[in-house]
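The chains carry the letters A, B and C, assigned in the order they are written, with residues numbered from 1 in each.
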Amino acid sequence: MPTTPSSQNRSEPPKAPETADTADGRAPLLGRKAARVDRLAELMGGREEGGHGAGVWRTALDRMRRSPMAITGAVIVAVFIVVALFAPLIAPYDPVAQTWGAEVFPNRSVFVGPRAENWLGLDNLGRDQFSRMVIGARQTLLVGVVATLVGFGVGALLGGAAGASAVLGGRWGLRVDNAVMRVIDMMLALPTLLLAVTVAALVGPSLTTVMIAVGVAQVPIFARLLRGAMLSQGSRDYVLAARALGVRKRKIALVHILPNSLGPVIVQSTLTLATAIIDAAALSYLGLGNPDPAFPEWGTMLADAQRFLSSAPQFAVYPALAIIVTALGFTLLGEAMREALDPKLRK
Amino acid sequence: MSSSTPLLAVDELSVVFDGHGSDEVRAVDGVSFTLEEGRVTGLVGESGCGKSVTSLALMGLLPDRGVRVGGSAVMRLPEDRVDLLTLPQRRMRDLRGSQLAMIFQDPLSSLNPVVPIGRQVTEILRRHRGLRGSVADREAADLLDRVGIPDPKRRLREYPHQLSGGMRQRALIAMAVACRPRVMIADEPTTALDVTIQAQILELLRDLVTEEGTALLMITHDLGVVAGLCDDINVLYAGRAVETAPRTPLFSDPTHPYTVGLLSSIPRLDAPRGEPLTPIRGSVNDNIAWSQGCAFAPRCDHYTMECLQGPPELVAVGTAAGVEGGGSGGASAGASGAGAEHVHRCVNPVRHADVADQPVTESPAVAGGDEEEAQG
Amino acid sequence: MLRFIVRRLLQLIPTLGGLSILLFVWLQRLPGGPEYALLPDDATPEQRAELRESLGLDEPVTVRYLAFLRRILEGDLGTSLATGRPVTEEFLTRFPATFELSVTAMLIAVAVGVPLGYLAARRRGTALDFMAVGGSLLGICTPVFFLAFILKVVLAEQLGWFPSAFRLSPGLARTDLSGLVILDGLRTGELDVVWDGLLHLALPGVALASIPLAVIVRMTRASVLEVVGEDYVRTANAKGLHRNTVRTRHVLRNALLPVVTSVGLLTGALFSGAVLTESVFAFPGIGSFIYEATQTRDYPVLTGFILLIATMYVIINLLVDISYSLLDPRVRAQ
């Protein structure tokens, strides 16, 4: 039903203020203008938050806080790191002392399961399994972190150099990039574990071997990732803008391109920690791990336990579960980070 | 209701997206318009005003989950009349491509990169017209020829990346017209193309409408396209139609400040040198909910206290819209049936020379003199 | 197409050449020099001197490297310290077993992984999706050799459903044509051999498939999720095509492109896994041979193996690239 709105409308203004601000309603021009601005601000208020302006990392963190995947991963990783750091304080007994050696007879399949004083029972030499697991966490963390640092350090150096020269180096830069990438392709042609076997065979079995071997195997992955990210950043307009403004090339590479390319590399580091722990276990199984029983390591423990798998499966189950859960923790965290940083999935 | 019912009558269409944990989003909020054979109807507005969502809702291409569609879109088919919004997916699949066709914005991403053009044309012929083998190939070549692709036989074997932008859009149009649809929706079909090609594509669309009697729904933000092609125009803002009119009155006599703003932001060849363009300030994100007032108010140079009191109604031009919440007994959408009437959704329409009421005198104080320009 | 293949083959030369230099340097750096690596520990000084002579170790480095390269190109990888037989020969006799096992694992991974990944993507957020994603994460995080052990102890030793070791039951007669048990059995019609061979392949095949399977599930899922949102899928739907046409021609065909690439990259993991899996199941392939070589530091075998793996990897990735270019016209054009 169409009405005559003009007249109705003209009667509106005096009516409306009754609800809100009577005084302003009859106030002179300036006051009414203020009232309008206020009203508009009030209506538009509440939508300012969650808007633009927040940094990529902060948005990512916000997203991760709401992701059950990220929380699970973070909790697992946090527990693991705390246990590893404070291992000597947590472990109730000496992990290498064969205190209860007289109670265990592997050749007769007599083993001691969980009990009040030994929470996880005894191992095949009568040592406290719980203490060994706790100390083992420390060794495992060490392997993971060092291996990742090796892979990250060398890989980022190679990939960063290749990426920077490809983006900014002109013709010579492309050649440098090409040469570096050939080397990386070569390394990639060697499967991770076999590369590790090679390194381990070269320097002999030890924990250091495992750390270097696993780390070296990750180099090509990091290198390719960083180079790829830098290449994609290098073609963005902001790089062009920086070059047009005459910013020095080294500065563009370090200040503009590199920080924006680090996202995938950081995600990969988290995932690599998981891979390193699993690969270290495989190397231990191949007899290339730490031969020193004084430093129990989950991979070595799992490899040793295979002999008793049918008679005492718990020897394998504890370290295996520990490895799986820890690796899962890092993987969940890394995947959640990847999702949170992925611009396609944002919003 | 007139004796000849419209080909497609969209009534109070609304699309609501469920927010992920946050508030739901009303992308389209009660939009109504009609399509007639041989006429071009335009949906105009900035990005994010709900144009594309409207077209996807009509095509039944919105995702199954997280979306609620309301209202009705009744289409007249040879045998009966159906509501596109409530039709089961299976029936919709039969209608899509044969009765309803759509041309998309970005021709490269809208074509499957790993399937030859020919296959992408023949698959629709096979699906709806049952053509196979060489018959289908010949028909596909004819179609490409008809939309102006030279050497169609060779093009059939090529992949999308081997075609130029204009060719790709022509190929997409060929697919859309393959089964002589009665309704065609073009969602910004020329945005990704350069100006010369734009003109050719628009001409092609115009020819198709006149020759085949297809009803074309043209979705665009480009008022130049609208001026050249559309018979009736709906201007959308924040999910609602703010002004609806035939082409001539809309361009000669725009009433909603948003339409006025859109028009004055077009560069003109006859404007004096050095005269700056007048953009609409702010962005489409600077709006308020329709339930609280006119969504355009934050960007409007003419808004008054009334604009912020409740949702304005869509009324015939010559009257100013009442506000629902204000108890003024707001006018309901006066325009029933054809889109030929000039209606707007504004409490303070720009053309109000006859009235000299308080809000108007007040406007310059806020807007700083943009008033004259708008009236001119 | 031919030019593409030739160019790819030419690209292999620097990769393999660099690898040979790496191996050469490695052999030189071994404790005591290559004569210690190539001869058993109890060899007499005379034998060592003879080997030094025959290897031309007194020659300049470049000459020695060229000689080394020539031997490799002639297929001479040295002699195994453990068995005393030429490494090339050892590899050739064991290759069919590993080949059969790897192909089985890859088939399992693709046949299960692609449909599972597709379903998980289409039913995103459901229990099925959750289990597929969770399961594949678990699969990636489980050491292959531990999974192999669990399968062996539970399904073979305790339940007795599957044999726990070897390629065939001892004493089963078969006609050997190519060394491939299943293929030979099918060609000669010895179906009992085929069945027995399949039973023996089942557990190691599943264990070896775990990582490729996990990767393929996640890859397919992510890829399908991405493709479903593409404009051309919307176009296909707008054309009113049947749902199955849209799914196969428009969604899967595009979604499987990255999966094809990942199959190539996974061969590396497959070889590593084969070493672990074969040793657990005493499967007489190259993997278990390498496991023993690792234990005994059988350097000629390890060197030869690395070269073999690198070559295989490169060739498989070449094949993947070629098939990719057949699937994706955009790559062909470049």
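By our rule, contacts are C-beta pairs under 8 Å (C-beta built on N, C-alpha and C of every residue); 3 or more make two chains touch, one makes a residue touch a chain.
The model shown is predicted, which means the values in this text are computed figures rather than measured ones.
The most central chain, judged by C-alpha centres against the centre of all protein C-alpha atoms, is A.
Across A-C and B-C, it is A-C that has more C-beta pairs touching. A straight line joining the Cα centres of chain A and chain B is 46 Å long. Distance from the chain A centre to the chain C centre is 28 Å, each centre being the mean of its Cα atoms. Averaging C-alpha coordinates per chain places the centre of chain B 55 Å away from that of chain C. Chain contact summary for the complex, chain A toward chain B: residues 1-6, 8-10, 12-13, 15-17, 29, 32-33, 35-36, 39-40, 43-44, 50-51, 66. Looking at the complex, you find that chain B touches chain A at residues 21-22, 285-286, 288-289, 292-293, 297-298, 303-306, 308-309, 315-316, 319-323, 326-332, 334, 347, 355, 357-359, 362, 365-366. Considering their complex, residues 14-15, 18-19, 22, 26, 29-30, 137-138, 140-146, 149, 153, 157-158, 226, 267-269, 271-272, 275-276, 291, 294-295, 297, 299, 302, 305-306, 309-310, 313-314 of chain C touch chain A.
Per the touch definition, chain B reaches chain C in the complex via residues 59, 61, 92-98, 101-102, 104, 106, 109-116, 123-124, 127-128, 159, 161-162, 172, 175. Note for the complex: chain C touches chain B at residues 230-232, 234-243, 245, 249-250, 253-254, 257, 327-330, 333.
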